[in-house]
Structures are given as structure tokens and as C-alpha cells.
Amino acid sequence: MATVTPSLGAHGHADDHAHGHGHHEQSFLSKYVFSTDHKVIGIQFLVTTLLMLMVGGALALAVRWQLAFPWGSMPIVGKLFGLFQGEGGQISPEFYTMLFTMHASVMIFLVIIPVLAGAFGNFLIPLQIGADDMAFPILNMLSYWFMWPAIFCFGISFVAGGATAGPANGWTSYPLLSDLAQASPSSGAAQTWWLFGLTLVGVSSMMGSVNYMTTIINMRAPGMTLFRMPLTIWSMFITAILQSFALPVLTAAGFMLVFDRLGSLLPTDIHSVFFIPAGIVVNNAAPTVGGGQPLLWQHLFWFYSHPAVYIMLLPAMGMVSDMLACMCRKPVFGYKPMVYSMAAIAGLGFIVWGHHMFTSGMNPALGMTFMTSTMMIALPSAIKVFNWIGTIWDGNLRFNAVFLNCAGFVAMFVVGGLSGIFMAAVPVDIYFHDTYFIVAHFHYVLFGATLFGVFAAIQFWFPKMFGRLMNDSVQKWHFALTFIGFNGTFFPMHLLGIAGMPRRYADPYLHGYLEHLLPMNQFMTISAILMGFAQFLLLGNFAYSFFYGAKAGRNPWGANGLEWSAPSPPGHGNFDEPPVCYRGPYEYSSPEAEALGQDFILQTTPTPPGVKKSDAHGH
Amino acid sequence: MSLTPSWNKILCGMALAFASGCSDTDSSFVYSDRTLSLMPEAQDGIKGETPIAGVKALIDERFGDPQNLKAWMKLPVDFGGANTTVAKIAKSAEGTPALTLAGEDGSELPAKAVFVEFLSGACEGEIAEITEWDAETGVAVLSDSLTGKLAEGDLCSIDRAQVLKSGRGLYMRHCSHCHGTSGDGQGPTAEYLNPRPRDYRHGVFKFTSTNDMSKVSRDDLKRILKYGIPGTYMPSFLLLEEGELHAIVEYVRFLSLRGEYERKLVNEVSGDYSITALESRVGQSESRESIVAELKEFLSADLAEAANSIGDDLAEQWGGADTDEARIIPSVPRVEDSVESRRRGRELYLSKTLNCADCHGMDGAGNGPQTIAFEKNPITNDLYNEPGLHDVWDNLNQPRNLHTGIYRGGRRPIDLFCRIHAGIKGSRMPSFKNTPHEDIWHLVNYILSLPYESEPGATGTEAAAPAAAEVAQ
Amino acid sequence: MKKFWALFFIFWPIVALYVCFVAPSRGWWFPSEPMSTLGHQIDGLFYLILFIVTLTFIGTQIAMGYVLWKGATKTPGAKAMFSHGSHKLEIIWTIVPSFILVFISLTQLEVLANIRVISNFPEEARNAPIAEVTARQFEWRIRYPKPGTTLATEPQPGDLYFVNELHVPTNQLVMINLRTQDVQHAFFSPQLRVKQDAVPGLVIPVWFEVEKAGTYDLVCAELCGWGHYKMKARIVAESTREVQQYIADLENAQNEDGVADDTSDDSE
């Protein structure tokens, strides 16, 4: 940590001994901007998503402000932009609705999905399987550059309907609210732009998925059998399969909704009626004609969006398994059960979408089926938790911020998983549906689990990305503050849910039975502000370490994976010479490693003579 | 409740560190476009040794701003508070004044008292904080001494404008995002609504139980608050408490009066002193200085007087709305609903004298010939851009389709009676007050039957069914 | 420092459990006892799951705390245990949770059937819905059948209308027809533990039995636009006689002609 030396272009800096294949000079544009190098693309995704994380976080704080100080003057938004000058900074309800809609949209589509698959998937897949790049580098580049039109569309949607409104139909965009322009008139064209953005994110993800599947199947290094792949790769592989099967349904549904909304874009009355039943009058518009069915959207939407929940979680599970093993200097407990349980989660993930619709009025017999399948999905999740605890058990723990974030991941995932059981049970869900209980649940999974995993992963693979280490003390502070702020914000939401506070209310205290929850909401908002500002530690550390972090060698953590045999940062083509894999990635503290006098053994290191090979996969 | 109050205070304090306000917002009243079209001197007054108040100052002086509402005694608004007289003057242990207050005409004193405002005597206009209050004896210890010399018998008021203040709080929470802080119907949500929310500043409300020439009554406003206006975005606030409803009604009256006052005041000035008038006068080689000098004269003498009489007129009109004279009471009870009565109603509906079909269409579908004719804007004399009928707020306001079963002003027979008798104020629905009341009842019977039968006696016909499907209420 | 972090992870579940433990006494719990028959069944299932989940939570957090503490107090330089896992453990922690989960599922089925399966609805309630509740942006419009008639799907002459207040008899199974005039809404009464979406184009029957007379909240639980939070209404449960009286009063008020008596202005 003491070696603070200025670096010349730490990232993407061509290492002296890189590239076995024709290296030619590249322009700045093709090297760092329209790059086809998976590492550059991964880093581009990472930086973009961190930026979007701040946008989404700011939106969340605005939501929390309104909940703590309803109709009070909202800082920044209220006055600075002059949006609500005449009201003395008091925001309007449709603005609030836009805030939470865009918070969810940005966080899900521009942060969590791309940071996992886009950033880490891109960066890690070729490195961990020993490939020199992705199977389709140009497709890979396009998958990043299709994010920008998506960001552009989401950005336009903020202003398309006027500065004080935007898409305001929730990230789920249930028709008819999202369908009839008059039902949510403040959304107007913004909602259509939002749908385009959604579709473009889908295009980007799809390009990534195809690439990941092909790369993982075809481009593994010699000796890298399927069951020698790190769990990160398994999780990325399963995620890619999920994406590619579920996404087309959402894309189709999105286009159906766009066609239903044509009237909001073109000066025409011609539009489809996929989701519009007849005889509906909103905002004194003419009664609708048509025989559509709003529930169709819910089925199609959740057919994608439930698997998408696992798309937002599985890669983090894989990465955390990798990092935990490394930081505990122990093999992952039950490698194969981990793989099978991920596959089970993905498989079951396709047949549980109906649990989002328990109160929608669909056939109750379906409800029973969906309840049982949903309950069963808790099983593989439980197995994973037990295995993580088993991995920590009697390990040689390194209490650095990577480990702490991973342990935070496990602890938070337990809460998120257990709260899910309440909502899987239909009768209990009838009470909890659309209350803050569900808000607590999915934040524990998506933030508590996934983002803590991402925080760990950023620090863990930072040296591989930029050749420098992040400051661990700052990361520990970041972890502690985020963890406290997170629990202070989201744990009380369970209680709000039990108290029956519905979500998406601009002013819950209008209702007598919720009035007494105001102080609790104020406490939560203070916690959220703490958590929000703690993220500057991460960003600051990221930027500082990029320039001034301690130089890292090839393998600063003493880890086993193939990526740690490459230079830090790896040059074009990744490895000095095509790697050969001799064993699984988790043989920490194995007899083989001991024979070398260390507690790790790279997958590329041949078995030392006279030592029994310990690559056991019976479990 | 769950956290202790002190903890709550700490939280609020922390929040204050982030923003200027904890719960109150620092909003402001806006002046109407017509006020802003006056020449600057007329708006802002003329400075000098003896400054002369302009239109804005005249409004502000009487109505204040949202944070500091003025309780102008002339207005028929319940400002709240108790009127008292000073019965005894003493000193407290701390040396600050300790007054004994007596309720007006021996009326009871309020249990709580926060401040006292002096209405007459040497301290007139002063407001003092009450630190200790005993409702039994009426002893009020003030926080600070007064600048003027108090005398026994001085009038003062405890917690004046409290009703208005709480009305404003409720209004900002429930109403302002549509109706706007100033009641101009231009809150942030307004632009998305069809029909647009009411602009109070004309002092006109559509659905009243009062005569065609009368203002809206408190009961009418409260009724609209409680039951909403079906078929529009005005929702029902049924579950607000009676006191809250009262406070909102008073605040809406206050805003309406402010708007109407401003409107009438500007009417006095705009003919000669608007920016356009100024331009044309300067064009006719009047010097600007002479116009300002004339304005100075006008503002200090004529306008001040006009302002007073406008106030008196408004007070009379708005005060009169709650009286029995203003209220519509049918001279005959409702004619029993029967096929004959409905047939008579239909005849009247089609008759030359009433000519309902001209707007509402032959079969009551709201598609009469007037709905496709281009109307002239009565103020500017220009044709409106779109065909159809317009209301005084310049919004397209087409006649109702009587088949939908949606009655914005209420579905009781008396509600429909009032709609026909007094018309719908501000809209092109005229008053038929000279029609015999019995005939109005026949019409009411006919109109009430329209959602269910296309023609009197033709119950359950096919034609009525699709209309029924979109019934809202 | 290692011990600090181990304690950090041991400490937070204790805080979490404490908060949950004191929550009911602080009012951070259900808004009231369940006031409907199905509410009792739902709460029973909730507490069953809460019990199982709490045990699991405590179990996993103890395990987590144990392994962390053990790791934090391990002598520096000691060797980590070299193990790839245990078949036996994997089998145990697969089988045991699956039994528990199937058990939870099975306990739900009957209540679910009672709430949602229409053939399970009591005949008398099924044949005579007491009112039609139509959600619209942003209020609840109630339509009662003309006294002496049954509720028709479409409005009939003489039907009685009200807004944001539904009167139902107590100790009797009542069914309402739920529909929406515009977008999707959800009929949610927290005290009665009733929730059902109102889906455009559908008429959805909802039934419940209120056990105690009183006034209960009725709110919207599905995003329906900017005024979602404004859909504040109430369900008034009272004796059958009082409901009949209420309907009679409503009928009078709705036929008000402003002449007969001019004092009942606000009784509608």
C-alpha cells in the first residue's frame, strides 16, 4: 500500500509481454471508446453503471424526502431548478410518482442488470475461462453502445412530458394506466420513450447473453471442464440462458404496449388494443373500443421480470462464492450443490411469475400452483446460504472490506429470502401485496444482496482492471456506513408493511391508520441520506485508487482463478500464453498448495511432483 | 407517537439542516396576467416623498401572502379566533403585561390561546405572543411589553385567522397541486386534467343551489368537497373532518375573494393605464410624465375609493349567498315520475322556448348543432380555435351527454332542478328561472330517465344499453 | 479489529430481533386485530410463518456469528480447514427445508380456497351481492340496488349511489361486485385483511364477513395514477337493521326535491 507511484495510463496499458497474435496500433477511439476488447467494455459498463447508481440514488432520496416531510419544500428539486417555485418547493403528486418510477427503472435497467452481466460478465468471462476475448467482440461492443440510446431514451422521458412530469406508471407499467395516454396524462410521450429505453436495454442484454453463452461453451481453455469453472462463470452462464429465453417475451410485450400507445406519438387515432378492454372512459376521453385484456401484460411482463430478478441476483451469488473462498482460504463448500441450486433457481424462476399476481383476480387454481413453485424456489436459495456459511466455517478469514461485503451479502440475503416466504404464501400475501413489506423484501435482495456483492467485486477485481489496489480502510468505512444506513432504511419497511402501509403513496399520512408512522419514516430517511452520502466514499476511493492506489502484482489476493495468472491489467489478448487449466478454482489450502509452501494454487500451475491431486468434485 | 417528541424534534432539526422548511412551504400568491399587463407604475405604485400604493400593494395590504394571511374584516370569511375586550391591565411577575380579557358579549373564551391581536386603541395592529393563558379567568400573560399604551375596553382578538391558517395548510396538502397556490386553477397537476380544475378568481362556481345571480354558498362548496364532482378529477373528500372541511371552504372563499377583488380592481385601472393603453396614448403624443402624473392622481383618490366600494360589493354578494333569499326552493314538490310526465318533459325539451336540443341534441346525447359551431370569445371578440361551447374560463365546455348517468352537480332531483333553474354558472347553460317550476320537474323526470330509455315509456330498449355501460357513478 | 467485525455481524440481528419484538407495543404492527373471519385465518398463517422464519433467522445468524467469531479468533498463521463440503450435510439441509416449505404450502391451500374459489362462497352471499364498488381515479363509487331488488350488472333506475363509504352488515357473509371504471385499482381494507385488484373489463366478486361493528379503512393498493394515495374511503359495519335504515335514508336523500323538508341537506 506504500508504493504510491504515478502510473502512465494504468488501464488498458499494453503489458510488455501480451499478445500472441497480431498486435497493431489502435487509435484512442477504437482502443478506449469503440473498443472491442472485453475488458474495456466491462470497465465502460462499470463506470456507466456507477454513474447511473448515483442518479438512481438521488431519485430515491427525493422519494424518501417526500415520505419523511410530505409536501414540505423539497431541497434542490423544489427550488434550485425552479420546478415548483410557485408552490414554495412543494412537489406535485405526479412528480412523486415519476420519482419512484424512474428510481426503479434506473436502478434495475441501468444499474443492476448491466453492472452484473455487463461489467463483471464482460470483464471476467474470458479471463476466468482462459479465452483471449469474447466470441463476438463487435457484438460485445454493440451491447455496450446500445446502452446509450437506452439511457438517452430514459433521459428524454424525464423531460418529454414537461419538466415536472415523466413516466409515472411504476416500473411495472401496468395497463391501462400505462396504456391509455389519458389515464396518466402527465406521462404522455414520456411513457413511450420509456418503453423504447426498456426495449433497447433488452437488445443490449440480448447481445451480451448470446455472447456469454457462446464464449463459455466454446472458448474455455484446455483443461477448463464445466465443473472446473468458477461459480462466477456458472452464474453468468445460467443468467445468460435466463436472459435469452425470457427477454423476447418482454420485448414483444413492450412493442404491444407501444402499438397500443401509438396515439401518444403520432397525430392519429390508429392504435392496437392488446391490453384495452371496451368501454373504458378516462379523463373524459371517448370510451375505448376493443377487446383487449390488461392481465395479459401482467403475465407477459412477469414472465420476463421474475426471471429478471434472478438475473439481478445470480451473478452476484457466483462472484460472492468466488470471493468468499479466496478470503477464507478454503474451497467453496459444496461446489456442485452450488451449481445445481443455481440451475434450480433458474429453472424454477420460469414458473413462478404468477406470484406477482395473487391479488389480480386470476384463476385461484393457478394461484395454488404458483404458490407451491414459489415456495420451492426458497429451497435452492437456502442451500446456497448454508453452503456459504460452510465456506466461512473454520477458514483462515481475512477481514478486509471484500470479505465484509460478502458476509453482508449473505446476511442480507437471508433476510430477503425469509421475507419472501411470507409473500409466497397466497393468503398472507393478500395482506402484504403492494405494501412496504414487498419494498423491504426486494431491497434486501437487490440492494442488500446484489449491491453488497458488487461492492465486494469492485474492490476484488479492481487490481485486475487497473493494476492498483483500492484503499481497504476507506472501503471498510464505506461498508459499515452503507450497512448501517441500509438496515436503518429498509428493515423498518417490514414493519411498515405489517402496519399496512401501501407502497407508491405520495402521502400515506392522509390515512388515519398510518399517521403514527411518520417519525419512523423520518428515521428511515435520515438513514437513507447517510447511506446515500456513504457512496461518495466508494466513488472517491475508486477515482483516487485509479491514479494513486498501491500497485498490485498479478495476484494480489493469492487467488486461484485463471485471471490471476494474467498481468494486471491484462493486455490485449489477456494471457502471456494460452493458459492450461489443471484443476478447479477453489483449491485453497490444499495439499498441492502446501507443497508449494502457500495456501493457494493457481489453476494454471501443474500439480507439483509427488503430491496427490486434490481436485475433488464429489460434493 | 412511536418515537418520543424530543426525538421527533431532533429529526426535524436534522432535516432543517438540509432544507429551509420542515413542514411549511414558502409559497407565494401570484398576480393575474391582467394585473401584470398594467403599466409598471400602476402595478407597483409611485415612489416619492409620499409613496402612492399601486394595485399590487392594495391587494397585498388586504390579503397578505400565504405565510402571512391578512384577516381583512370586511370579507365575509370566518377567520376564526375570539373577539375580546381588555377588562383589566396588570403586570406579571416578570414585568410583562398580564391582561384580563373578556369575551365579546360574555361569550366563552377559547381553551387555547397563542397570540393576541389588538384591533383598536393605541396598540391597534400590534400582535403579541401569549405565554400563559387561563381560559377560566381570561388572564393572558404576554411575552413582551407593548409599544402603545393599552386602555381598558380596547378591542382585541385571540388567534385571529387561525381557521384560515389551518385552511391553508389543508389546502396546500389536498388542493393546491391542482387548483394552485393562488386558486388560479394552475397548479402543477392542472394541465393534465380534463376538465381543468376551477380557477376561483372569477368568483364563479358552476354547481350551486343559489339563484342565477347569486354567489356560491358555503353549503354548496362543502357539498362539492364531500361528494366530489363525478365525471371529473375533483375527488370526494368525504372522510375529512367537519372542521377541516369548514376550514378549506373558508380558505377557498378567501382565495375567491382575493381573485375577484384583484379582477375588479384591475378593471378600474386597465382602461387607461395598461401597457397597451400607455403605448397608444404615447403614440397619440401624450408624454409619459403627464400620464404618470394623471395616474398618481387617479391612484391616490379614485382608486382608493373604488377599492373600498369593491370590497363592500363583494362582502354583500358573498355574504348574501348563504341567506335564504339566495337559495332556490321549488314552489311545487317534484311531480311524480311517470311516463306522461317524462313525455311532457320531452316536449319541453324540444320546445322552441327552452330549445334544449340546440345544445344537448335531439336525443340528449350532447351533440346539438351548437357543439359544432364556432363561438366568439366575448372578451377578445376572436373566434375560438375549436368549434363548440366555451365557458368563462375559455375552456371548451361541451353540453352534457344526458345518457351517461353522470351528473356533475349531483343526481338528486333538486340538483337537476337547480341546474335548470339557475343554469350552470360560468358556462353556456343558461338559467331557466322563468319556466314554471312544474315544467322544470317534468324536464327533470325526463332527464333522469334518459340513461335507461331512449324515449319515454320505451324501457329497456337496445339503444340505451351501450350508454349504460359507461356509467360512472 | 477482526473481533469487532465478527461482533458487528452478531450485533445487528440482535437489534433486528429486538425491534421486531417491541414493534407491536410501539404500534409498528397490524393496524388492528383482524376484524373479519378470513382475517383470523390469514393472521394465523402469518404467525405460523413468522414463527418458522424467526427460528430460521436465529439459526442462520447464530451459525453465521459462530463461523465469523471462530474465524476472528483463529490463531494467525493457522491452516484453514481443507474441505470440499459434506454429502451428509447437503442432504440434511436439502431435505429438512423442503419438508418445511411443503408444509407451509399445504397449510395455505384451504384458506386460499376459502378466499378465492367461487364455488366455496356461501350460497346466500353469492346470490345477493349487496353492492357494486366501482373504483375510479381517485375515489370509490358505491352502487346499492334499489331496496327490494337484487343488484344488476348494469345500473337500474332507482339504484342508490354513494361515494367513499360502504355500509355492510356485521356477522353475515357479504359479497360485493368489484369493478373499475378506468385503470386498475385494488380494494384493500387493512383491518379486514381484504385485498382484491379491480381489473378493467372484469367484474370480480369479493366476499368477507365483518365480525364487529365499526369503521374500517378502505384504500387503494394498486398504482392508479398521481392521486393513488387519495383514494381514502371507509367501510362501515353495523347491524342489518342499521344498514337497512341507512339504505332507506339514502333513498330519501337521493330523491330530495328541496321542498319536502329542507333540513336533510347533508344526509346524502
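So that you can tell them apart, the chains are marked A, B and C in the order they are listed, and the count of residues begins at 1 in each.
Here is the rule we go by: a contact is a pair of C-beta atoms (placed from the backbone, for glycine too) under 8 Å apart; a residue touches a chain by one contact, two chains touch by 3 or more.
Owing to the predicted nature of the structure, the values given are computational and were not obtained by experimental measurement.
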Worksheet, complete the sentence: Most contact pairs found between chains A-C
Worksheet item: Centre-to-centre on C-alpha atoms, which chain is most distant from chain C?
Response: B
Worksheet entry | Mean-CA-position distance for chain C and chain A (Å) | 30
Discussion item. Averaging over Cα atoms per chain, report the distance between chain B and chain C in Å.
Written reply: 40
Worksheet, complete the sentence: Taking each chain's centre as the mean of its CA atoms, chain A sits from chain B at a distance in Å of 51
Item to complete: Check each residue of chain B and list the ones that touch at least two other chains.
Response: 1-2, 189, 192, 233, 469, 472
Worksheet, complete the sentence: Touching two or more other chains in chain C are residues 27-28, 137, 181, 226-227, 230, 232
Fill in: Multi-chain contact sites of chain A, meaning residues that touch two or more partners
92-94, 186, 278-279, 281, 283, 507, 510, 516-517, 520
Item to complete: Using the touch rule from the top, collect the residues of chain A that touch chain C in their complex.
Response: 92-94, 96-97, 168-170, 172, 174-177, 180, 183-184, 186, 276-283, 292-295, 328-335, 337, 359-361, 364-365, 367-368, 371-372, 375-376, 378-379, 382-383, 385-387, 389-390, 392-397, 399, 404, 407, 410-411, 414-415, 418-419, 421-422, 425-428, 430-431, 433-435, 480, 483, 487, 491-492, 494-496, 498-500, 502, 504-508, 510-513, 516-517, 520, 586, 588-591, 599, 614, 616-619
Discussion item. Please output the residues of chain B touching chain C within their complex, sorted ascending.
Written reply: 1-2, 174, 189, 192, 209, 219, 222-223, 226-228, 230, 233, 235-236, 238-239, 328-330, 332-334, 405, 411-414, 417-418, 441, 448-449, 451-452, 465, 468-469, 471-473
Worksheet item: Considering the complex alone, what residue numbers of chain B touch chain A?
Response: 1-3, 7-8, 11-12, 14-15, 18-28, 30, 66, 172-173, 176-177, 180-182, 187-189, 191-195, 231-233, 466, 469-470, 472
Discussion item. Using the touch definition from the top, list the residues of chain C that touch chain A in their complex.
Written reply: 1-2, 5, 8-9, 12-13, 15-16, 19-20, 23, 27-32, 38, 41-42, 45-46, 49-50, 52-53, 56-57, 60-61, 63-64, 67-68, 70-72, 74, 78-87, 89-90, 93-94, 97-98, 101-102, 104-105, 108-109, 111-113, 115-117, 137, 181-184, 186, 188, 190-191, 193-197, 199-202, 204, 217, 219-230, 232
Worksheet item: Can you list the chain A residues touching chain B in their complex?
Response: 68-75, 84, 86-95, 162, 164-165, 182, 185-186, 278-279, 281, 283-285, 287, 507, 510, 516-517, 519-520, 522-523, 525-526, 529
